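In what comes next, subunit A is part of two complexes: it sits with subunit B in the first one and with subunit C in the second one.
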Partner chain A sequence: METPKHITIFHGPQHPGITGNMSIELDLVGETIQRATTHVGYLHRGFEKLVERRTIIQAFTIVCRICVPEPDPNETNFALAVEELAGIEISRRAKYIRVLVLELSRLSAQFLWMAGQSGSIGLYVVGQWAIADRDLILDLFEELTGGRVYHMYVYPGGVRRDLPDGFLDRVASLLTYLKKRLKLYDDIFINNASFKNRAVGVGVISKDEAIVNGYVGQALRGCGVKADVRKDAPYLVYDELDFEVPTQTAGDVYARALVRRDEMIQSVKILEQVVEKMPEGDIMVKMPTHRKFKLPKDDTWVKVESARGEFAYYMAGDGTEKIRRMQVRGPSLVHAFTLLEDMLVGAELSDVALIMNSLGICPPEIER
Partner chain B sequence: MYARIKNQFATPDIEIKRGDLSKVVIKKERLFELINFLGVEYKYLTLNGITCADWIEDDRFALSYILTTLDRGHTMMVQTFIKRDAKFKTLSHIFKQAEIMERDLFEMYGIDFIGNGNLKELSLENWIHTPPLRREFDTLEFVNNNLSFREGRDDNIDTKAETKRLRALKKAKKLAEKKAKEAQDGDS
Partner chain C sequence: MKWSIDIKGTLSPVSILGAFFEKPNTIAYPQVKKETAKGYRGFHTNTLAECIGCANCQDVCMNDAIDMIKTDMEYNAKNASQCIPRIDYGRCCWCSLCTDVCPPNSLKLDEEYMNVSKYASDFIYVPKNQ
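Up next, the complex of A and B:
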């Protein structure tokens, strides 16, 4: 009998389904993957090192760039860590505005995921719709912060700028529009047989493995674990808001897509409450002059729920104006190596992009 | 729980940082024993991260192992200190994800995690210099010694001299405007 012929190919580093650059070295026999090895390093920028040379306001301008589709969880983690170490309590209005920004950011990231996920199986119309709808959110970000993608808005002590006149009305009308649109996405994407046939039973994760190995976000909730930082360890004002944590039990690509779809509905629900309950008050507490702003010698671990799962920062101060250490721990490091390398063994070549995208891997956040 | 940790591990350094976060500082010899104890007795079953901070003035690294309970409601930061040139045991035989987290720290700090079979470069390529996140690695010095600015690039401008020049230009322009106005007023 003839020995099966092995070939090795690189999937990436450029691929439309992934934000940033990452490649997977695949050993194949025919179409079936025998071994997968993740390679990163195409966009290492040394942010963690750069932060150590800068004052807090200078470091603040860098952190949003750690993850392209989701800058706001990074800004929030940075602010939460600095505030905790410096003993700063922010105003209620600032907390509500941060939730507004974080949920808009979540919706925007989910639309971007939808574009990538549908693109990975050739459903390009969904991607065009999703990017167009995401743009409406970016319009709001531009009005609020001056930037469409990188906002540099959630600053330690509060937020940089108050809401413009009529901004909440424009958020409310966008939410009304998106609620109608999400139903259409069900027809064109979630319930589409082309997607279902490709996604059901592919890239399955078991519940036990997901818990012990530290998987987060949809990878965890897609196999039945009700885990969400907003509920488990509430920050800002999430404990005052009514929302559900959607879960599925199948653990496959389709289950993760259903979780994301339900999360978008929940985000709309949260935003409606934020619009209704937005309190009056200051947006920023009095902060020390930035050149004299020192963090005490102490450390902490803060986390928020990003659109792709738990996103955490370790921060240590040393009594000077500079941060001794800031370490980023997003979902991608474990998902791209521990999870993806195992999951791809036995999978088909055509499913690589599909699986990769369903795990919410963002390479810039691995290399930071 | 805290009383049991204090008694069993003779560690006085327990700090409740927030409702959902506590920190225990323990000697490195008993670190894995404590992690195992927390897992078995209190369901700290998930390893979320391994962090490192370089305290070069004390000649030591602070390694923190971040563990979360099964219900995700509480996080424990178990911290230990190791010498900056020391090797340390791997945790990858208990937590699979520790392998990549240790690989990251191996690359950035040069910590040799004994037993981790996958300690190789991650983000960097053919790096032969000091591991970059160690405090003695000076980014600016590295750039000045190893890279050069291209002629004609804006980066190459001495910003202090350029600011001075622009200020002088602005001042001269204002002065000229003032003089012109005075001359005009004089004429009329």
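Up next, the complex of A and C:
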């Protein structure tokens, strides 16, 4: 019997190496990928349409579900857009608490990435340790917001609860612990020959390609472009905080891993400053009840830096208590189609999970 | 893919052995239970002596998880509608908007979060009186 030259397989949506509910159709010759086609649609929950049917305050509880690993950039974007349209200025304490939540959330998402990235090449100890360390951050979230994964905490007008007694001390002691752990992760993961041999030179993006196609986050910073919304268009109080934007030049999976590792160090640095500078004051401005809260006929575009890159919302009000239109533009849309489909051509089948995890693709952002 | 010899990279993961001398991160559940944080968003409780039956909670609930029902429990004299909220935990997303809008602050979320039952009707829940 003649051996077929090409074979087509579906990688996902139930494959453990896929980041979420999506699949990639791969045309293979041997182990080498000739063509990759992304298929989404397994997780369409219609967030943008659901938001149009609810009052603004009711819509606030939906947006965090757009990204499971990192819900807080969604909540912040939603709150920033509503506040900009309604002309609400929040207190300094609320801004600092939002930065605290965003950076803790970034760290937690990076630990989740570390678990996925190490799991994709079989280094399961790193994954289990990273998940255990992420759990310590989730414990803090549980105490602050009342929820571990979906926080529903960053509310238009401020934040919903004040910091519990001694919370900042617990954040500070966690940061001391995490600084020690990050050095250990360097030994067992980043400098590990097993990871380096698999990641160096795999999934390479050129700088020009990244800029032309609008890639964001580590995909862009991994090939030498210093772009970060926190520096380029500062929101909340990021302009008062001292931190750097880490970059690498190789543009491969390993460069993106190094960028993420450096970002974790910068997040710890930001959190230390937030703990030190946390001002006193109100956490919430007086807001109308949900039936009386109306947005003027206007539109806005807001963006924040999530753990995977620039995360933007378009929002339009029409003078009623409902949002006329909300559009979510997460980093995964362009990364899962334009970038991943090109990047997988010529790669090995065993590198698919490795490359996908390095981009941090999150399907709910694509089919929102 | 090219594999190269990397002595430092091969030896550096050996530091993982230090974990043998550390305490485990896990707990022996269910013998040892993790304490839930104060303020965790678990099941609802309702102080009937304070509930005024205003249905604000029902109005704000975006999942239509709250019904106002009549029961044989003893209500607050100021409860004009003589109804109290009943939550459908098949629909509730524990956003706690209902507790935010409660004028007498009688509806709250408790730290209790376990509800194991083989009957779907047990997830339609009248909050405990506290």
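Going forward, the second predicted complex is superposed on the first by the 359 of 368 C-alpha atoms of A that agree within 3 Å, B and C clash if a C-alpha of one lies under 4 Å from a C-alpha of the other, contacts with A are read in each partner's own complex, and residues count from 1 in each chain.
As a convention for this text, contacts are C-beta pairs under 8 Å (C-beta built on N, C-alpha and C of every residue); 3 or more make two chains touch, one makes a residue touch a chain.
This one's a predicted model, so the numbers in the text were calculated from it and none came from an experiment.
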| item | value |
| --- | --- |
| Clash-or-fit label for the pair subunit B, subunit C on subunit A | clash |
| Partner chain(s) touched by A:Gly346 [first = subunit B, second = subunit C, both, neither] | neither |
| Partner chain in contact with A:Ile57 - subunit B first, subunit C second, else both or neither | second |
| Which of subunit B and subunit C A:Pro288 touches, first, second, both or neither | neither |
| Partner chain in contact with A:Leu333 - subunit B first, subunit C second, else both or neither | first |
| Touched partner set for A:Lys49, first subunit B, second subunit C, both or neither | first |
| Partner chain(s) touched by A:Glu142 [first = subunit B, second = subunit C, both, neither] | second |
| Contacts of A:Ile188 with subunit B and subunit C, given as first, second, both or neither | second |
| Contact residues of subunit A, present in both the subunit B and the subunit C interface | none |
| Touching residues (chain side subunit A, partner subunit C) in the complex | 54, 57-59, 61-62, 125, 129, 132, 135, 139, 142-143, 146-147, 150, 152, 160-161, 164, 184, 186-188, 191-194, 196-198, 201-202, 289-291, 348 |
| Residue numbers on subunit A that touch subunit B, as the complex places them | 40-41, 44, 46, 48-50, 52-53, 84, 211-214, 227, 229, 232-233, 299-301, 303, 310, 312, 314, 316, 324-325, 327, 329, 333-334, 337-338, 366-367 |
| Contacting residues of subunit C [partner subunit A, same complex] | 1-4, 6, 8-10, 12-13, 15-16, 18, 25-26, 36-41, 59-60, 62, 93-97, 100-101, 109 |
| Partner subunit A, residues of subunit B touching it in the complex | 17-21, 23, 45-49, 51-55, 62, 64, 66, 70-75, 77, 79, 95-97, 99-101, 104, 108, 121-125, 132-133, 135, 137, 139-140 |
